[in-house]
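A short worksheet on the structure shown next.
Chains: A, B, C and D, in written order; residue numbering restarts at 1 for each.
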Amino acid sequence: MADVFRTTRRVEFRETDAAGIAHFTSFFAYMEEAEHALLRQLGTSVVALTEQGKISWPRVSASCDYTSPVRFEDDLNIEVRVDHLGKKSVTYAFWFFHQRNEVAKGQLTSVCCHLPPEKAMQAIDIPPTLVAGLSSFQVHKDAPPTG
Amino acid sequence: MADVFRTTRRVEFRETDAAGIAHFTSFFAYMEEAEHALLRQLGTSVVALTEQGKISWPRVSASCDYTSPVRFEDDLNIEVRVDHLGKKSVTYAFWFFHQRNEVAKGQLTSVCCHLPPEKAMQAIDIPPTLVAGLSSFQVHKDAPPTG
Amino acid sequence: MADVFRTTRRVEFRETDAAGIAHFTSFFAYMEEAEHALLRQLGTSVVALTEQGKISWPRVSASCDYTSPVRFEDDLNIEVRVDHLGKKSVTYAFWFFHQRNEVAKGQLTSVCCHLPPEKAMQAIDIPPTLVAGLSSFQVHKDAPPTG
Amino acid sequence: MADVFRTTRRVEFRETDAAGIAHFTSFFAYMEEAEHALLRQLGTSVVALTEQGKISWPRVSASCDYTSPVRFEDDLNIEVRVDHLGKKSVTYAFWFFHQRNEVAKGQLTSVCCHLPPEKAMQAIDIPPTLVAGLSSFQVHKDAPPTG
């Protein structure tokens, strides 16, 4: 059954800037950490040794919209869904909440790649077991985030 | 007369990851550095003390599309244009080239904000002198990047 | 009674580099996170509003010795002790373990500072309640880390 | 003839923190960048393909002492010397100046390692040509930094 993936993250001091708020780049780090936590829950990793050799998930696209600044030691709740599951790529949507208010919303598109040693990466089909796992996070598009 | 802003950036070692390429988050750091270099060329700074007090430019939106991975010590050429100049915000477009090939393309939307000490930021109109400076980087939309 | 402070940290992907290991700078981020977690356990924060105004803990010294490389998704156990507690500063010692093997060992010296708005920081005496809290982590120097 | 290696670095916005100053971890990034610039001047790189295979320079030790905080857009002058040149390792000393005042001083010890694919790194003797190059930065210990 479809479900969202949930995780939390505290804003660390080095992630703040001289304007006193979490630097906008920090949210991309949070998205990556959440993506990797989701992959771990599926029993895999962003860099995995499989029968096809070493596979990884480089990004072809990343974006974030910021609604409200967050500060040092703010605890963020993060919701992750699979927005689109292609043959070779997956698009995740991320919602960030602080005290039940949405503070940011982002997207990552990652491509399943074979990583031959010392050679260029090559996009490959997502292995069937992972397709099944990832599709479990495909929530109906119109379902609102729950915060 | 309208012109693009050009700068360069070398990929540093700490910006690479275990897949051997520049981590996707690095490009957001490159965009910020280029934005700040552009503001310096206009005689201002991303955190400036003006007659209206301290002003800064928090982002409301950031995105990047990646075409080709780059590696440690790759020299990137970066082109910046002002894609949209609003009353209170500016949207920059960034093109990244390595050896004349486009490797990534991104956007940042920054809002001009008053930063009162210990209080919440407040969006304000971009000061007139900055409007003039920023509009000098508004290149015709259909003009292709030159690499 | 004296005790060590314990916390854990997973090596994140963006913290690795093209040599396939956690970048040496990551350990300074881990130390800061552990220091701040310790301060939270004492009921305070690295940036706290007190009766004396805003206080913070800038570092005057930071060092780390590396024994063994760690990799993406390695889980680190971290032990923190107060090595020296001065009138205005505190020196923390950090041990990093992976699968019970010591992989790194570091130190941070932080100075208690008053942070007046828009003015230079000024070193001040550590507030008495914090002295009591910090001294609870002053373990006998010759006690070995337990891993 | 012995000489110091000189480079410069501007403090970037994302390197500042909510205390309004460059975060202490930033100086380790500056040291690494300076080390790599020095290696480039010697015609090599921190990750080089040589006759012995891929070699790299992981750190066994890193430290920094901070005298004075620096802020966004401060321009730093950096002096690098080789403090100790061993058979398999090199220790660099770094001085950081802002407007001719020393603001920080650090050290890195890097070990020359063979990096066999998918295997553990192994310390090797520094190649003779690099020994010659590195020793050209061995300044007499008592010579003061010039700022």
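Note that in this section a contact is a pair of C-beta atoms (placed from the backbone, for glycine too) under 8 Å apart; a residue touches a chain by one contact, two chains touch by 3 or more.
The structure displayed is predicted, hence computed values, not measured ones.
Note on connectivity: the fewest chain-to-chain touch steps from chain B to chain C number 1. Set against the C-alpha centre of chain D, every other chain centre is closer than that of A. One inter-chain figure worth recording: chain C and chain D are separated by 24 Å, centre to centre, where each centre is the mean of the chain's CA atoms. Inter-chain spacing, taken between the CA centroids of chain B and chain D, is 29 Å.
With each centre defined as the average position of its C-alpha atoms, the distance from chain A to chain D rounds to 34 Å.
Within chain D, residues 13-14, 18, 21, 25, 29, 32, 47, 72 each touch two or more of the remaining chains.
Across the interface of their complex, chain A is touched by residues 18-19, 21, 24-25, 28-29, 32, 47, 56, 58-67, 69, 115, 121 of chain B.
Chain A contributes residues 13-14, 16-18, 20-21, 23, 25, 71-72, 117-118 to its touches with chain D in the complex.
Those residues of chain D whose C-beta lies close enough to touch chain B in the complex are 12-14, 29, 32-33, 36, 40, 45-47, 72-73.
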